[in-house]
Amino acid sequence: MSSSSSSQKLKVGLLGATGTVGQRFILQLADHPQFELAALGASSSSAGKPYVQAVQGRWKQIRRVPSNVAQMPVYECKPEHFAECQVVFSGLDSGPAGPVEDAFRKAELRVFSNAKNYRTDPLCPLVVPLVNPEHMEILPYQRQQVGTKTGFIVTNANCSTTGIVVPLKALEAKFGPLDKILVNTMQAISGAGYPGVSSLDILDNVVPFISGEEEKIEWETAKILGGIKSDKTAFDYHEQDALKVSAQCNRVPVIDGHMECVSVSFKNRPAPSVEEVKKCFEEFVTEAQTIGVHSAPAQAITLHEEQDRPQPRLDRDWQNGAGVNVGRVRECPVFDIKFVVLSNNVMIGAATSSVMNAEIALAKGYLS
Amino acid sequence: MSSSSSSQKLKVGLLGATGTVGQRFILQLADHPQFELAALGASSSSAGKPYVQAVQGRWKQIRRVPSNVAQMPVYECKPEHFAECQVVFSGLDSGPAGPVEDAFRKAELRVFSNAKNYRTDPLCPLVVPLVNPEHMEILPYQRQQVGTKTGFIVTNANCSTTGIVVPLKALEAKFGPLDKILVNTMQAISGAGYPGVSSLDILDNVVPFISGEEEKIEWETAKILGGIKSDKTAFDYHEQDALKVSAQCNRVPVIDGHMECVSVSFKNRPAPSVEEVKKCFEEFVTEAQTIGVHSAPAQAITLHEEQDRPQPRLDRDWQNGAGVNVGRVRECPVFDIKFVVLSNNVMIGAATSSVMNAEIALAKGYLS
Amino acid sequence: MSSSSSSQKLKVGLLGATGTVGQRFILQLADHPQFELAALGASSSSAGKPYVQAVQGRWKQIRRVPSNVAQMPVYECKPEHFAECQVVFSGLDSGPAGPVEDAFRKAELRVFSNAKNYRTDPLCPLVVPLVNPEHMEILPYQRQQVGTKTGFIVTNANCSTTGIVVPLKALEAKFGPLDKILVNTMQAISGAGYPGVSSLDILDNVVPFISGEEEKIEWETAKILGGIKSDKTAFDYHEQDALKVSAQCNRVPVIDGHMECVSVSFKNRPAPSVEEVKKCFEEFVTEAQTIGVHSAPAQAITLHEEQDRPQPRLDRDWQNGAGVNVGRVRECPVFDIKFVVLSNNVMIGAATSSVMNAEIALAKGYLS
Amino acid sequence: MSSSSSSQKLKVGLLGATGTVGQRFILQLADHPQFELAALGASSSSAGKPYVQAVQGRWKQIRRVPSNVAQMPVYECKPEHFAECQVVFSGLDSGPAGPVEDAFRKAELRVFSNAKNYRTDPLCPLVVPLVNPEHMEILPYQRQQVGTKTGFIVTNANCSTTGIVVPLKALEAKFGPLDKILVNTMQAISGAGYPGVSSLDILDNVVPFISGEEEKIEWETAKILGGIKSDKTAFDYHEQDALKVSAQCNRVPVIDGHMECVSVSFKNRPAPSVEEVKKCFEEFVTEAQTIGVHSAPAQAITLHEEQDRPQPRLDRDWQNGAGVNVGRVRECPVFDIKFVVLSNNVMIGAATSSVMNAEIALAKGYLS
C-alpha cells in the first residue's frame, strides 16, 4: 500500500496501550504507511509482558491483536523506554496523563494526546483534525515557553465535542458566526472505557448524566471554533465570546457511535435555508483532505437524506469512522436550523483524531 | 378497597381492547372503584371470542389477564353492543378511530380517547389530566354543536407531549408565560405498539425519527397550555401565539418510559432561579389531586436531586406511572433553565390519562 | 396484614446490607409479619452512616428504600452490634462470608446465608425451601459439633441450581430417581451483582462462561436432591451417586430471571409421559406451602402451556418471584423429557430463599 | 483482485433479492471473481424498480448497496427474465420458494437455494459446504429424474444446523460415528428476517421457542452427516439411524451470530480425550479449502482457548463469517465431550453457504 520501507517510517510510541482507546490506536498504527509503532507503554502491572498477554481479557475489539504487535514488550510510561521514538500517542486516563505527558514533552517527544488534561492549557492546541489544524501554529511558541527544542503536546477534543464541531465549522465557514447552539447527546457506552458502564445501569435504560461531559462540550466548542491570534501566541476566544452553547448529555444502550441533536441560530440575517445548509455540509472540504493525509475521510460530512438516518449501528463504520454523519436537516421553530449528527466516538472521536493530527503535523513540517 | 358495590359503578366500555394501549386500559379498569368494565370492542377478527382468546399471543403485560375480564366476550366496535355503557374508552388506532368514535358519540356515549384523531378538533378538549381539566368546560358547547344530549369526545395527549406539559404548566402557573421551549426526546419502544419497532432497528441503536411526533409535540403543547375562551366555545391559542416549541424525537432501546431533555426561557425577567424552579416543581398541585380522583398520583411531579436521575428503568413505575419525574434542574447557558423529564408513556402517557380524565369528568358532573 | 405488633416480632439482622442481594433482603424484610429488621451490617466504609446514605448511588431497585430502613445505622459486620438479634441473614460476598458467618454462629446467632462458603460443609444444610427443608434436621448435630447452644448456619443454593431442583424434586417425588440431567442456562446480569457485568461485554452478546457456575450446579444438585441419614448426622449422597448432571452456563443480556433448558432421563422404565410430567408439575406441593409460611408461593411450579413461555421479562415477577416457571414440556429424542425453567435469580434464587428458610425454621421450632 | 474480465465470469441471478438473506447475497456477489450478478428477482411489488429503490427502507446492512448493483432493475421471479443466467441463487421465503425454484430448475438453471423447501427432497442434496459437498454427486440422477439437461436444485442447511455439523463432521471423520447429541441454541434476531422479531419480545428477554427450528436441527443433522449411496441415487440415512439428536432453541437479544451448546457421546470406546478433540478441530480441513474455492475460510474451525470465547459480538465476523468458532471444549459428566459453537447465521449460516456451494459445483464441473 505504501512504498516506504519500514526503515523510512517515523518511529512512534503509544502510552496507555492496553486501555480501550489504546486498543484503537494499536489498530490504527499497526499498518500505518508513515508511522512505525516502536514502543508500547502501560501501567506498571502490565510492564514486562508481551502486549498480547498484558491485554488478555481486556481486548474487546472485533479485529484480533495485530500479529506485528502481539509480541511487542510493554514498558512503563517513562521516556527512557521510548528513546528511539519521535512521536508518542497518548491514550492515558486523565489520572496519570498530566505529569506523564509533560515528562515526554520535556524529553523532546511530540505528544498527541487523547486525554483531557492539556485541552484547556493556553499553550496547547485543541485540534479536531477536520476543523482547526491551524491551531498547531502555536507549537513554536509552546516550545519556547516550556523550553523544548522539539517536544510539544497537541490534544484532540472530547468525543462528543468532536462530532458537532465539524458541521458547526462548516456552517461558520459558509454563513458567518453562529449565535446560539443547543445540543442533546445520546452517547455510546464505549465512551466510558472498560469495564466502564455497568450493564445493570444501561440495559433497558437511559442515564441522563455523564460526569463533566456537558461542561467539556460547552467549553471546548468555543476554543475549537475560535481562531488563533495573529502573533501565534494565544488562541482567540473573543470572536466566540458571544457564542452560547448549552449541552445535555445522556448515556444510551449503544455500543459505539454518539448521536447528537443540534439546534443552531446564526448571527447574520437572513439565516441560510435548509437547502443552503445541506449544500454547505456536502461541499465542506477540510485541510486534512486537501493535503491528503492518510486517515482523512473522502468526505468530511456525509449528508443523509433518508428521514431516519444516520443511525449508530448502520452508519458509525462508514469511512472507517473517520468522518461525521449529518441528517434530518430542517428548520427549527425556535432557532434557525436543526439537525442530527452521528460520529464514531472511538474513531474520529478518539484515536483517529490523534493519528490524523500527527499526520497533519507531519505534512506541515512540525515533526522535523 | 371501595365500598361501592359493583351495581353502583358506572358501566364503561373499551374500544381497541386487544391492542397495546387497550391492554393497559384493561389493567386500569379491571378493579376500578367507580367504573365497571361492561363491554369490550376490537376488530372483526377478534369479535365473538372471549377476551383471553382474542388477545392470545399478543398479551405482553407482566400482570396476567384479570380473571374477571378473561372470559368477557369481544364485540365489534359498534354502539349497539355497548348499549348498557355510559362511557367508552378508546385505545383504537388512528385508522378506525375517527368514524368509530364519532359513531359512539352520536349514540350518546361519552368517549375518552387516546387516539389522535380529534385532538386538533376545535370542539374537542385535549386534556392532560394533571394540566388542563378546565378545557372540559367546552363539552356543553360540543354537545350543542354536534347535536347530542350526553355524547361527547374528550381526547388525551400524545405520550411525549404529556410528559413535558406537566412541568411546563407548573412553571407557567408560578412564573408566568414561557417564551421558548426546546425538547429532545428519547422514547421507549412501547410507544409504537406491538409488534411495532423491529428489534433489528433498535438493538444497539438509536433511530432519530418518529413519524409525526415532533409536529404533535409542537402543536399539542400550544393547545394544552392555552386557555379556554370565557364563553366556553373555543380554546384560546392567542396567549400562546408567541410560544415557540421545537422538538427532536428519537427512539431508543428502552421498553417503557420516555425521557425528554428540556430547555426553557421565560417571558418575565428576571427568570426564576434554579432553586425557585425546583420548589415550584415540588409544590405543584393539580386539580385532579385536589378533588381526589382515584388515579391521581400523590405527587404530580417527583423532583429528583441525584445527579443521574430520573432513569426509565428505575423510575417509570413510581406512583404506578401516574405522575411525572423531573431531574437535573440547572441553569441553561442559552435559555434560562434546563431539566430532564421522565414519564411512563403507557401509563400517564396513555391509558392512565384517559381514565383520569373520566374520573375528573365524573367528579365534575359531566357524566350525569 | 399481620396482627403481631412489632414487639412480638423476631429481631433479625442483615449482613452485606448494601450489596445487590442485601437490597433484596431489605425489601423482603422491611414489612415482614414475623421478622423485624433490627440491625444492618456492611463493610467498614459504610459503617457509621445511615443506610440510605451508605447505599447511595448503588440502590438499583425499582422500589425506593423503605422509609423504616432509610435512617437505620449501618454497622461493621461484628456480632457485638447485633446483640439484640436472634437471626441474621447474610448477603455477604464469598470473600468475607466465611469467617464472618462463623463468628456470628459462635455468637449464638442463627445465620441464614446466601453465600456459597458453607454450602459444601457436611454439617450445614443446603436448603432450597421448596425442595429439601428436611435437611435442617441436621441442625442439632451441627450445634453439637461446633459447640453452640443456638447458633447455626443454614445456606441456600446458587441461583441457577435453585431453579432446576424444584421441578427435578417434583419428578423424583412422583416417578422415582432420575438418571441423567443435562442443563443449559441463560442467566441474567443481576446474578453477577453491581457493577458486575460490563455493558461492553453483554450488549448484543452472549458470554458462554460464568466462573464456577457449572460446578456449583453439578454438585449442589446432588446434595439437595439427596436425603439425610436416619441418624441426622450427615447427608446421604449415596442414593444420588449415580445421578449424573452436566451444565453449560451462559450470561445473556437479561436483567433478572435465569432461563434453563433441561433434559432428563429416569431410572425407572417406562418413563412417564409428557402428560404425566405436566400433571406432576402442576400438582407439586411443598412443605413450605403446607405449613403456610409467609413467603411461600401459592403454586410452587407454574406450568405454562403456551409454546413460547415462560419468558424472563413477562414471567419473572409472577408470585413475586417466589415460585418457578416451567414450560415447553415435551419428549426428548435422546433422554426422556425436556423442558425449560425460569426462576427469578434475585428472589427465589437468592433473598427469598433465605427468608423462606428462616420462616420454615421458625415454624418448625428451630429458632426457639 | 481477479484477472478474469467480467465477460469471462459466469452470469448468475438472485431470487428474493430485497430480503434480509437476499441483501447478504448482494454483498457476496457484487464483486465475486467468478460470478457476475446479471439479474435480480423479487416480489411483484418491487418489480420494475431499480434495486436501490426497491430495497429502500429495508436495506439494513452496514455496507452500502454496491454501486454496480444499485441501478440494476428488479424483475419478477420468472425464468424469462433470467435467460442469460446459468445459475440462480435463492433467498426466497419458504412461501414462494417451492414452485418458483422448481420453475427455474425446469428452465435449465442451476438453483442454489437457502430456502427450506427442497431440503427434505430425496433427490436434492442438502449441502453444508464445509461438511458434505460429496452429496452433489446425486445431481446427475436428480436431472435424470426431473427431466432436465442442466437444471438442478442444491439446498443449504438451516442456520442453526450449519453451525454444529461442522465440528460434528470433524469428530466423526476422526473418531468414528457419534451416538448422541444434545444441543441448546441461543439464536440471533437476524435469523428471523426483517421486521422479524418485535423489539417488545426480545429486549431484556429470551424467547424459548423458534417455530420448526428444533425439528430442522434434529432432521437435517442426520441427512448431512449421512453418506450417499454408492450408486449415487439416494442418501444413506442408515448409518445415521442410531444417531440421536435433541435440540432446544432459544431467541436471544443478539443481532448476528448463533451460539450453540453441544454435548456429544461417541460410539467407539474409549472416547477421545479433550486434547484429542481440540487437535481434531484445529486440524480439520475440508474439501472446499483443499480445492481452494473463493469463499472458503482459511480455517474451517477456529478453536478458542480463552475460557469465555467465542462470543457473538467479538467473533462472528472472523474470516468474514465463513468458518465456525468452537470453544470451551471439556469433558461432559453425562456424555463424553461438551463445547460451544458460534456461527454467523447470515454468512456461513445462509448466503455464504449457497455461494460456496456454487463455487464448489463450478470447481467440480457441475456447472458446465
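Each chain carries a letter (A, B, C and D) given by its place in the written order, and its residues are counted from 1.
The rule we apply is simple: a contact is a pair of C-beta atoms (placed from the backbone, for glycine too) under 8 Å apart; a residue touches a chain by one contact, two chains touch by 3 or more.
Because the structure is a prediction, the values reported are computed rather than measured.
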Quiz item: Which chains lie in contact with each of chain B and chain C?
Solution: A, D
Self-check item: Distance from the mean Cα position of chain D to that of chain B, given in whole angstrom
Solution: 49
Exercise. Could you give the separation in Å between the centres of chain A and chain D, each centre being the mean of its C-alpha atoms?
Key: 41
Practice problem: Express in whole angstrom the distance between the two chain centres, defined as the mean CA positions of chain C and chain D. | Solution: 43
Quiz prompt | Touching two or more other chains - residue numbers and ranges from chain D | solution = 60, 203-204, 253, 255, 313-314
Quiz item: Draw the chains as dots and join the ones that touch; what shape do you get: line, ring, star, complete or other?
Solution: complete
Self-check item: Contact footprint of chain C on chain A as seen in their complex
Solution: 60, 189-190, 194-204, 253, 255
Exercise. Give every residue of chain A touching chain B within the complex, in rising order.
Key: 180-182, 184, 186, 203-209, 218, 244-246, 248, 250, 252-255, 259, 261, 263, 307-314, 327-328, 332-335, 338, 340
Practice problem: Would you mind writing out the residues of chain B in touch with chain C in their complex? | Solution: 56-57, 60-62, 64, 203-204, 255, 306, 313-314, 317-318
